[in-house]
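Below is one structure, written out as structure tokens; comments come after it.
Letters A, B, C and D mark the chains as written, and numbering starts fresh at 1 in each.
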Amino acid sequence: MTIAQIVFLVISATTLVASILVVTSRKMVHAALWLVLSLGGVAVLFVLLQASFLAVVQVVIYIGAIAILIIFAVMLTRRMMYDTGSPINRYWWAGALAAVLLFAGLVVMLGQIPSITTQASALPIPEGELLSLLGTALVDVNGYMLPFEVASVLLLAALIGSLVVARPMERKTEEGDKR
Amino acid sequence: MHDQWTFIAFFLPVGFLAAAVAIIAGRLLGPRKPNPIKQSTYECGIETVGEAWVQFRIQYYIFALIFVIFDVEAVFLFPWAVAYNKLQLYMVLEGVLFILILAVGLFYAWRKGALEWS
Amino acid sequence: MIPLSWYLIVAAAMFCIGIYGVLARKNAVGILMGIELMLAAVILNLVAFWRYLTPARISGQAFAVIVFAVAASEAAVGLALIISIYRRRSTVVADEIDILKW
Amino acid sequence: MDFNFWDPFTWIGEWLLNLLVGWGLAETIALTLLRFAGAVVLALVLLLIGGVLFTWLDRKLSARIQDRLGPNRVGPFGLFQGIADTLKLLTKEDIIPAGADKIVFNLAPLLVTMSVVGIWAVVPFAPTLIGTDLNVGLLYIISVGSIGTLGIMMAGWASNNKFALLGAFRTVAQMVAYEVPMVVVLLVPTMFTGSMSVHAIVEGQSSLWYVALAPVAALIFLTTSIAELGRAPFDLLEAESELVAGFNTEYTGIKWGMFFASEFLHGLTISALTAAIFLGGWQGPGAEARPLLGFVYFMIKTMVVYFGVTLLRFSMPRVRIDQLLDLNWKFLTPLALAAVCVTAVAEKLALATNWSRLGVHIIANVGLLILTLGALWVRARMVRRRFETEQMRLAARSESAAD
């Protein structure tokens, strides 16, 4: 076993255990904290995959932003915190079954891909250049220009949509503002 | 690349553990005489009414929401900024367009009063 | 060194845990956390395939960045919906949110 | 390698490496060990400086500004006050309030400390002295900082105290809000350098500091950093008159000391980052060839910024939370977005037309400032007019009611 392998195994074991705790924790805040650990583990896996940009992005977006959002939402829907009842619904066994079957199916299918045991070759481009390549590709007409601009529209739609949905009904303050 | 990260792989845990050592030292050095009054929640001398975990105003969520969207936007723009010197003019303008589209969202939130605190 | 299959298995396991969370959780926020796990697994898969199969092309990373945007939008809108429902019905238990069933 | 007075860092590194290799270690293992040792030394020095030296310096500075003496009993000039305080905190009783979530409660100060210390891994002290030259340095700084935000949230939640939770909510709302213009404005130095590595950014300022090219961006960065730090005038989390003490209400002894020390270290951190990103870091006459000189330059710049921040802190009244959020969302965020757009266009213009780069950027920034001031003026007039009509209407209504 090489050091990289040991690191990988430790990190992925942590990630998976944390993921299981995410879906089984009784307290939602604990589930959110386990989610942070799990997603942090994925960030370390990105480092092992030599995608350091995605690793820091994972931490910034998932841990710094989405996890905070989830914790805020948990606090806002607080009544569940006292819920000492089961965190899972009546059909949890069906969910477990589906998850196990899907995992088995995925593993079997993965086994049939010829390139499954490929070892990583050295990165053909140095990492610093990779990032500027990514930047160029994102705004290139022949690259991902359309998805890039659509992403901004998607974010705009998400912002407006969630503001409309989440804002309280009474609109006294802005009426005064607009006058 | 991995060389760059090995330092961080050492550095973050060291920062964490150094703090942990200090806390454990504090645990060992300090006295421990717990009593119910000492351990009660600090509430300016007034008795606690209800649970601490009260509900919070929606405004906190709204700010977190706008933050998430703009954070993602900035992250999208970082590769663009790194590649800036290699970009042609229209590519730079695309990034500006990206910012402007998001600015519309900020403007909308402003007009709708979502940015007010009260 | 680490073969591709390890990453794929970890991603598959994470995805399935996420599915279990989505199907079995009572709390709607918990369901959303399951979805986040699934999306993270997808991104992991994309990055692993990029690194092992097409490291010279940037597509894998570009896809991953766009999935990040989708994940953030989904979390924002999903949580806003949950909060909105909670204020009307005072519940975040997904089974009790049945206003559409009339 | 001969001893070079001007570059002791490389010399020490080489010497240690040779020593370890001489003991029969493989070179990669020796390098890894050195990295580990470097990490330990850097972290401990930072914690010591942040916890002991800077608490003293800060109290001394604040005392001078407020015409007091400050700590002057323990040691010469009260220099050992920090050590005395640390010892006192260590021997205090460690109280965990009933009903607290013990693990999360203990984890929170560790995460906050880690997040502040962690930033220093990518700060270049001198041309040859840097923890690690990460090519995603700026985003790394942001990401480590966001772990601290999470730590504060955890501290507030785990305390099982309304004040703590309310304080944590406010602090986190403030921190995430100010993170937006900060992240956006960091795009500007990234654009100039074509890299996110802090080391490359400092090297890119060899001829011109970025504060000259992007004064607006530098100002926004410094302001948002102070707000992230939660120092006056943005110290709402310590607003004694409103909140008990913020998210750390329930913390005692050294755990409270951790929050305290990390705040002081964070003050130094933002000064160092401002110095590195906008004030040229270790750049200065003769610094390229003499790393030790670069180190001195960097320290001087950092201390100048730190002194400025402290002066600001003791001469400004605290803002209200609605003013704080208005300042962020309605002023800094649009301004940061505009600054990025203007800089992006101006830089291309300068490249395309062969005009002076400095001139183009100065004109662009001044134009931006004039536009901002104009917008502020228009808005102020609007608000005022609305207020006046409202007043008039109210007066008219009360008159008619009197009739």
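Here is the rule we use: contacts are C-beta pairs under 8 Å (C-beta built on N, C-alpha and C of every residue); 3 or more make two chains touch, one makes a residue touch a chain.
These numbers were taken from a predicted model, which means no experiment stands behind them.
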| said: Hop distance check: chain C to chain D, minimum number of steps through touching chains? | reply: 2
| request: Would you mind checking which chain's mean C-alpha position lies nearest the centre of all protein C-alpha atoms? | output: B
| field | Pair joined by more contacting C-beta pairs (A-B or A-D) | value | A-B
| said: Counting only Cα atoms for the centres, state how far chain A is from chain B in Å. | reply: 16
| field | Whole-Å gap between the CA centroids of chain A and chain D | value | 28
| message | Using mean CA coordinates as chain centres, what's the gap between chain B and chain C in Å? | response | 21
| request: Calculate how many whole Å lie between the centre of chain B and the centre of chain D, each centre taken as the average of the chain's C-alpha atoms. | output: 14
| said: Can you list every residue of chain C that touches 2 or more other chains, as numbers and ranges? | reply: 65, 68-69, 72-73, 75-76, 79-80, 83
| request: Specify, in ascending order, the residues of chain D that touch 2 or more different other chains. | output: 134-135, 139-140, 144, 165, 169, 172, 176, 179, 194-196
| For chain B, what residues touch not just one other chain but two or more? | 4-5, 53-54, 56, 58, 60-61, 64-69, 71-72, 75-76, 78-79, 81-84, 86, 95, 102, 109, 116, 118
| query | Based on which chains are in contact, what kind of graph results: line, ring, star, complete or other? | reply | other
| message | Output every touching chain pair, sorted by label. | response | A-B, A-C, A-D, B-C, B-D
| query | Across the complex, what residues on chain A touch chain C? | reply | 2, 4-5, 8, 12, 15-16, 19-20, 22-23, 28, 31-32, 35, 38-39, 42, 45-46, 48-51, 53-54, 57-58, 61-62, 65-66, 69-70, 73-74, 76-77, 79-80, 83, 86-89, 91-92, 94-96, 98-100, 102-103, 106-107, 110, 115-121, 123-125, 130, 133-134, 137-138, 143-144, 147, 151, 154-155, 157-159, 161-163, 165-166, 168
| remark: Within the complex, chain D is touched by chain B residues 3-8, 10-12, 14-16, 18-20, 22-23, 25-27, 29-34, 36, 38-44, 48, 52-54, 56, 59-60, 63-64, 66-67, 70-71, 74-75, 77-78, 81-86, 89, 92-93, 95-96, 99-100, 102-103, 106, 109-110, 115-118
| message | If we count contacts the way the header does, which residues on chain B are in touch with chain A in the complex? | response | 1-2, 4-5, 51, 53-56, 58, 60-62, 64-69, 71-73, 75-76, 78-84, 86-87, 91, 94-95, 97-98, 101-102, 104-105, 108-109, 111-114, 116, 118
| task | Would you tell me which residues of chain B are touching chain C in their complex? | result | 58, 61, 65, 68-69, 71-72, 75-76, 79
| Which of the residues in chain C end up touching chain B in this complex? | 65, 68-69, 72-73, 75-76, 79-80, 83
